[in-house]
Amino acid sequence: MKFALQINEGPYQHQASDTAYCFAKALLEQGHAIFRVFFYHDGVNNATRFTTPPQDDRHIVNRWAALAEQYELDLVVCVAAAQRRGVVDEGEATRHKKDATNIHPRFRISGLGQLVEAAIQADRLVVFGD
Amino acid sequence: MSETIKKFLYLNRKAPYGTIYAWESLEVVLIGAAFDQEVNLLFMDDGVYQLTKGQDPSGIGMKNFSPTYRTLGDYEVKNIFVDRDSLAARGLTQDDLLQIAWEDLDTDESVENIVTVVDAPRVSALMDAADVVFSF
Amino acid sequence: MSILHTVNKSPFERNSLASCLKFATPGAAVLLIEDGVYAGLRGTTAVPLITDALERVKIYVLGPDLKARGFAAERLIPGIGVVDYAQFVALAVQHAKVQAWL
Amino acid sequence: MSILHTVNKSPFERNSLASCLKFATPGAAVLLIEDGVYAGLRGTTAVPLITDALERVKIYVLGPDLKARGFAAERLIPGIGVVDYAQFVALAVQHAKVQAWL
Amino acid sequence: MSETIKKFLYLNRKAPYGTIYAWESLEVVLIGAAFDQEVNLLFMDDGVYQLTKGQDPSGIGMKNFSPTYRTLGDYEVKNIFVDRDSLAARGLTQDDLLQIAWEDLDTDESVENIVTVVDAPRVSALMDAADVVFSF
Amino acid sequence: MKFALQINEGPYQHQASDTAYCFAKALLEQGHAIFRVFFYHDGVNNATRFTTPPQDDRHIVNRWAALAEQYELDLVVCVAAAQRRGVVDEGEATRHKKDATNIHPRFRISGLGQLVEAAIQADRLVVFGD
């Protein structure tokens, strides 16, 4: 079965991203597929490569990136939500005259249409938030 | 884009301004209109406050996004439901809520106000009938 | 020492107002801000909580937050005061401390 | 079409469980996750809400979340099931859709 | 650093793990110990869950910070209060909570458990007596 | 009178930063002082210079920076909270081998002791959060 996941909260502050990750891992291990993981609202903050949690804690960003690498997941960050919160890739940095980027290379920024499309294409949309 | 037509239910349970969920949820509805799905919006619990008339956040330095709800009729949204018990618990009636008109330019068909206050069984039925539920 | 309590949550969604009012002592002031202002409105299920508390503490609503949400002062339960940000500051100065019920 | 409802909030802090149970129809399943698992414990003020609902819907608790918070399955109200993440996935597959009460 | 001694009250009303507030609040208490203020910790509402015994978040991939509470006695924290009504509403008793010992190495004075369950009037009195209230 | 402000939530998602800003502006206009504004939890996300909100919306980060410029405010971001969430300055970038920074130059990263000190030094601590 094909899943789409939506994550509404940033890393560490709320459990949403942790629960979504454990859920994603479990479904992939069962042989199901993930059409897309869509990061919305503060969820866009899961996509920064600048995160450095304490050494004895999980690295939420790298963990998503590794799972995406292993299963070729599509990790999409909402562009409008990202602009409000300061998550930028090369294109955004150029467009808005920022001197650097902070997005992790395993994530990509795109429009809200990607969430709607995921909801249409997937058999199940599962939302994690506050 | 797919040929599939799904029944989308947007579940709105949060008040506006205190958090951004209401506004960013509305942005999904506007974008979603391009996908030609069957769309229902449901406002319940504190979500009913999203539709109150007369909002003016100029004094808190925020943008008034309330007028955008009035344009939903132009975005293929034909059904907006409000949970009656949620209104009653908050001392509100339909008079406190925005009116949202709908018009089909091809057929001249029109509805003066697509905001419908519904009882609990209808709310449950809406949830049961949906294919996808968006929560924010 | 009297306290200025701030409550920023809707009483229909969270328990913070109920907790605040349970522990606020006579002479305290409670300022409803952000989504907390909904608690000040007439005709809601939160009215008994407010009217009971008004016998012991002062209750204020932050006007700009009320206006943002589309309600005029006339919709408030009688006895609740309306303040602006400048008066919020004055309340914080007048009371010995500010306690946020997050 | 039956629904898997997820509730991730404590019933003592928020109204989401109460709302969910009010609208869940016979045949639905409710999965308590994150801070929502506290609603499954015996002896709390939320027990009437749960026992009433158990007559109409199935209620599950996400085991890893319960364990994280220091409670064993024995502390749960009888009739509540305990699932792991794999079974959470299975529930999502079995039901026509997943509805999150955020 | 100042000579002023203030009465600090740390107000803990949120459950652990679902959000980070409990953990990051505890980090302030640990750092604050260096400032030699008079410190009170109060746990009420869902905050009482922070002190439950037997926490094990290995299954959700998180760090167990619960043992850190047991070290609070070493951080000059002598008073930890728990609201009785909050426990009762959650079907909990003091047996469900951690024991936190305190010992003064200079005077040999010691307290077996500094966690005290208190009634509502005492909670109000604690709030009234504080100079500064930290909320998270 | 001397105030200390603590902000627990990031920009746009919650109103906390907006309310704190309006409160700060009002107190400064009345002639009171701000000893320090301390950004904690997701509040650290108020300090990124990468934010680009829609043109008809307020710019929360720049607004804080402008107020700090006008009144010489001390805007402090908690280092531990910032590490978890990916807010970095030059020092943090070097220490944790990040290839860029994202902090706005009007903010500075420091330890939690700065919050405790502010609570001691100020006449009032006012906390804004979720």
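Order as written gives the chain letters A, B, C, D, E and F; numbering starts at 1 within each chain.
Basically, a residue touches a chain if its C-beta (ideal position, glycine included) is under 8 Å from a C-beta of that chain, and two chains touch if they have at least 3 such contacts.
The structure presented is a predicted model; accordingly, all values stated were derived computationally and were not measured.
**Q** If you fit chain A onto chain F using the CA atoms, what's the rotation angle, as a multiple of 5 degrees?
**A** C-alpha superposition angle, chain A on chain F: 180 degrees.
**Q** From chain C, which chain is the farthest off, judged by mean CA positions?
**A** In terms of C-alpha centroids, the chain at the greatest distance from chain C is A.
**Q** Work out the mean Cα position per chain and let me know which chain is farthest from chain F.
**A** D
**Q** Please find the two chains that have the most C-beta pairs touching each other.
**A** A-F
**Q** With chain centres defined as C-alpha means, what is the inter-centre distance between chain C and chain D in Å?
**A** Here the centre of chain D sits 33 Å away from the centre of chain C.
**Q** Would you mind pulling out the distance in Å between where the CA atoms of chain A average out and where those of chain C do?
**A** So the centroids are 38 Å from each other.
**Q** Based only on mean CA positions, could you tell me how far chain A sits from chain D in angstrom?
**A** 26
**Q** Where in chain A do residues touch at least two different other chains?
**A** Residues 8, 12-13, 15, 19, 22, 41, 54, 57, 80, 125, 127, 129 of chain A each touch two or more of the other chains.
**Q** Mark out which residues of chain B touch at least two other chains, giving numbers and ranges.
**A** 14, 17-21, 45, 60, 62, 132-133, 135-136
**Q** What positions in chain D touch 2 or more of the other chains?
**A** Counting only residues that touch two or more other chains, chain D contributes 8, 12-13, 15, 34-35, 64-65, 84, 97-98, 100, 102.
**Q** Show me, using the given definition of touch, all chain pairs that touch one another.
**A** A-B, A-D, A-E, A-F, B-C, B-D, B-F, C-D, C-E, C-F, D-E, E-F
**Q** Using the touch definition up top, name the residues of chain F that touch chain B in the complex.
**A** 12-15, 18-19, 21-22, 54, 56-58
**Q** Residue numbers of chain B touching chain D in their complex, please.
**A** It is residues 11, 13-14, 21, 44-45, 120, 123-124, 127-133, 135-136 of chain B that touch chain D.
**Q** Using the touch definition up top, name the residues of chain B that touch chain A in the complex.
**A** The touching residues are 1-2, 4, 6, 8, 20-21, 24, 27-28, 31-32, 34-35, 37, 132-136.
**Q** In the complex formed with chain F, which residues of chain A make contact?
**A** Contacts found on chain A: 10-13, 41-42, 45, 48-54, 57, 61, 80, 83-88, 92-93, 96, 98-102.
**Q** Which of the residues in chain F end up touching chain C in this complex?
**A** 1, 3, 8, 15-16, 19, 22-23, 25-27, 29-30, 32, 124-130
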